[in-house]
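The following blocks contain the structures, represented as structure tokens.
Shared between the two complexes below is chain A, which pairs with chain B and chain C, respectively.
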Partner chain A sequence: MNRKHSRVLPVLTVVLAIFVLWYAGAVALNAKWAEDKATRANITLSFPQLVADTWSQDKPKLPTPHQVAREIWKTTGAMALRGRTFSKRSLIFHSWITLSTTVLGFVMGAGLGILLAVGIVHSRAMDMSVMPWIIASQTVPILAIAPMVVVVLNAVGISGLLPKAVISMYLSFFPIVVGMVKGLRSPDRMQLDQMRTWYASKSQTFWKLRLPGSMPYLFTSLKIAMAAALVGAIVAELPINQNGGLGARMLVGSYYGQTIQIWSALITAAVLAAVLVGFIGFVQGATLKRMGMAQ
Partner chain B sequence: MPDIVVKADNLSLTFQTNDGPVQALADIDLTVEKGEFVSFIGPSGCGKTTFLRVMADLEKPTSGTICINGVTPEEARKSRAYGYVFQAAGLYPWRTIGGNIRLPLEIMGYSRTERAERVKRVLDLVDLSGFEKKFPWQLSGGMQQRASIARALAFDADILLMDEPFGALDEIVRDHLNEQLLKLWAKTSKTIAFVTHSIPEAVYLSTKIVVMSPRPGRIADIIDSPLPPDRPLDIRDTPEFLEVAHRVREGLRAGHAYED
Partner chain C sequence: MIWIGGAVLFWLVSWRANTWMARLPRSRLTGIAVPTLFGLALLVLWQGVVRGAHINPVLLPAPTDIAVKIASSLPILWADFFQTFVKGALSGYVIGCGAAVLTAIMVDRSPFLQAGLLPVGNFVAALPIIGMAPILVMWFGFDWQSKAAVVVVMVFFPMLVNTVEGLHASSAMQRDLIRTYAASYPQALLRLRLPAAMPFIFNGLKISTTLALIGAIVAEFFGSPIKGMGFRISTEVGRLALDMVWAEIAVAALAGSAFYGFVAMIERVVTFWHPSQRRG
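Take a look at the complex of A and B:
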């Protein structure tokens, strides 16, 4: 009980601070527009009137939390109640598109990352030759690569979900490689010597020592990779925005100055990320507990 | 000749390090017969652990020969002729005690029923029955080390190589484990090679004590213990025991072990 309290209180404090700053920021950023409007109409605004105006504009520079919340409800729950859950205007529809790209890209990235890590740990040649390329791959701006991936894959007849998932994979495999290389190398000299005294084969050493030993590292990098996969999916939706998705929603919003729409897509993406990372955390807890390694 | 388990002739080992070559072992001649309990004692850097690792084929000698059960250490390792107990218990935290003991048995391809039966047997042997389902962190350091000895015993190797297995434990636990180890040795009639820092431990346990001196690591003295095989802990207060201990100490001093 006590521990729960001590965790909830700091979180609530931070949330409260964010809200205060957010509302204050909305006043500061939106005040100019409110004042200009008032000047044109030849009226002077009292401070409460000014604040009320800055918190209720149609296209504010910074929308307030309650405006964003109302927009999110309007495009999710309210639409679902009217039976239009997967309408093109629904955030649930767009989230679903982003989610499927993210999950597919994440699975591909995790697979590729683990394979590369296994290769790097077992082959010195691969360690020397592949690792620098992997690091270099991450220094290339993803925004520059994304349209090229789309064009190239389209040219060979691949379109739809896969090109976006490839971009998502491009971002998510990296933390997995790095984490898994470290994890697979975590057994110490003594543990490897011990395997040698039992005349264990390389594959036995891998399955019985290296792989289970790497689990804590794997889950940590899976969490980072999941967040990266979501970023990749959103970036990929910018050049392929006709298919929808939260990234497309943000882009369209910015075309028309629909800041409330941008922010609601942004918040939805953040919630999506939290749910996905939380899910991995749950699997991690369950797995490590089963392995007897829970802290 | 079949009774000779370890035979080293003129064995030397030089490590190539960044600071130039370091001679870890020089001109080691040693014969160990089946069923002996041999202790290697000496200060740090005398090569006692290195010699144990040579026997286990974890290091290759630079010159000279060594035979384990009449074959090379590599062949002995591949035929799983020895069990090795390291300084740290080295139990896998993600496996239960039973699972840890099963590990070498899985690697060596024993059947499921035989694994279960052997795990039970060696757990009895080290007095850990009932702890099969516990995880290593639920056990004390002494119990973990006993589990690691059980693991080395599980596949019935004739030779047990032990590298300061009780070095990290306190003296009370160590006394208890020494007593248990002697009983275990009597029950299983294995050949045991035991590396230690402690003179009383070496004298109490061994039928043969190999005193080593450093730089380069070589044998200063080999003492065949006159003590009877049946040794209660009290034996450490008898004149015979003190005499052997004295000879070990002399051997260590003769090797200039503590020169400035």
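Take a look at the complex of A and C:
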């Protein structure tokens, strides 16, 4: 409790500093445009006027937090109030597309990761031949070929969520394999010997000792995997003009110089990441508490 | 049919060989041979299936086609590699990691700032930072400067979090010893705490190698001069020239692995004392 209190103040300070820097940066980056406009109109701006102008441009180089917040409200809450929650212009619609891709890819990645980990723990040949390649697969900038995967899968006739989810899956399976292998091997000699004295079969050892023992590792890697899956989903939405998603929103925004739109998509993605990772943290807390493993 | 049959047969034989080798006592030779054979079997399987099932090269070119393409377009690949990797990724990597380490050392004396920066840094490190790419391309123009900027933003927070954590890695006993030597703050930092932080710093550096390459390539999707790996990938996908795309991917994979391996090699030299570096 005490520890928590002592952290609130510093975090708030840092967040406040970020906001101050943000507003100052908006003045610095947008000042040129404001001054150009003023010279054309043959007026000289006083400093407060300059600041007011830089904070309220239509297509600023760096929009201010309140502009972004207004845009987000305009495309979420305000539209929902008018009963157009899932209109194509609303961020809720785009977030929903990104969210479903992320969750689908995450579930597939978690499944694949856990299966691979079980195989690696039980077969030495698999451990030796597959594990180095799994590690090498992550030094490959897979995100870079995301567009190709999407285009190729579209050409084979697989379209919709699945091609994008494949990218999310590729990014999210790796932390889960690594975490689960570590977790499934976490029971020590003594515990394994104990299982043997009880004459437990291999599958009994797996279900009653290894799997429960791996839970803390699993949840830690699930959190990383979820964040990675979201990144994968967003990048997968970039390549071709698809019917929505936060990534598509960013691309359209960058085509038309709609900086406020890019920032609002970015902030929404950040909120989405925080909610998803927070949700796993919540499940982790509840599960580990039920299992009597809470720290 | 012969192609597929042969490939599957090769796969089965190599898998048997691998299970046999895996039962031998672990040595350096088997540690290299087993994964190499596995990778080779994958390539053969790929080649056999593509040739045997007559898969359209637009969808999936065979490994030999890709190899031919690489050999015939070396100058283009080199120009792209230089633009994206050396100019974009490498400069951004050095600036980003350097700035993060310096920031970590600067906040080192203030526990207050650290307590605030760590949770925020951890949070930002989990965000889809890659989304900043279109904004930074807008700010810094189409050339390599904007790519380097994306890389800086991507590597900064993972690196910062790792370094701050690393600076706390020395034990109380070691710090006490340094104090009994009447060491000043800079001396303690240079002689004890920075060396003790090296495993953490290198962990961050290794994570950042992959991030740097990804950042530089993805940033090129949002606009670039007419060279660069990301540019080439996105335009060749549009022309459905998949063998060129795969050639770029092969270069990217090679560059990524080599970069990672290089950092890991330096790590072995610098942190030779750490238990994870022990051999034998």
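In this text, the second predicted complex is superposed on the first by the 284 of 295 C-alpha atoms of A that agree within 3 Å, B and C clash if a C-alpha of one lies under 4 Å from a C-alpha of the other, contacts with A are read in each partner's own complex, and residues count from 1 in each chain.
In the analysis below, a residue touches a chain if its C-beta (ideal position, glycine included) is under 8 Å from a C-beta of that chain, and two chains touch if they have at least 3 such contacts.
Note that the structure is predicted; figures quoted are calculated from it, not measured.
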{"item": "Which of chain B and chain C A:208 touches, first, second, both or neither", "value": "first"}
{"item": "Larger contact residue set on chain A - chain B or chain C", "value": "C"}
{"item": "Touched partner set for A:250, first chain B, second chain C, both or neither", "value": "second"}
{"item": "Touching partner for A:24 - first (chain B), second (chain C), both, neither", "value": "neither"}
{"item": "First, second, both or neither for A:78, with chain B first and chain C second", "value": "neither"}
{"item": "Chain B versus chain C as contact partner of A:269, first or second or both or neither", "value": "second"}
{"item": "Touching partner for A:156 - first (chain B), second (chain C), both, neither", "value": "second"}
{"item": "First, second, both or neither for A:130, with chain B first and chain C second", "value": "second"}
{"item": "Contacts of A:191 with chain B and chain C, given as first, second, both or neither", "value": "first"}
{"item": "Touched partner set for A:293, first chain B, second chain C, both or neither", "value": "first"}
{"item": "Contact footprint of chain C on chain A as seen in their complex", "value": "6-7, 9-15, 18, 29, 61, 124-125, 127-133, 136, 138-145, 147-148, 151-152, 155-156, 223-224, 227, 230-231, 234-235, 238-239, 246-247, 250-251, 253-254, 257, 259, 262-263, 265-266, 269-270, 273-274, 277"}
{"item": "Complex contacts: residues of chain C adjacent to chain A", "value": "15, 18-19, 21-23, 30-31, 34-35, 37-39, 42, 58-60, 112-117, 119-120, 123, 126-128, 130-132, 134-135, 137-139, 209-210, 213-214, 217-218, 221-223, 229-230, 233-234, 237, 240, 242, 245, 249, 252-253, 256-257, 259-260"}
{"item": "Chain B - residues contacting chain A, complex", "value": "56-58, 77-78, 80, 82-84, 86-88, 90, 92-96, 103-104, 106-108, 135, 137, 155"}
{"item": "Residue ranges of chain A in contact with chain B within the complex", "value": "190-191, 193-200, 204, 208-209, 212-213, 215, 291-293"}
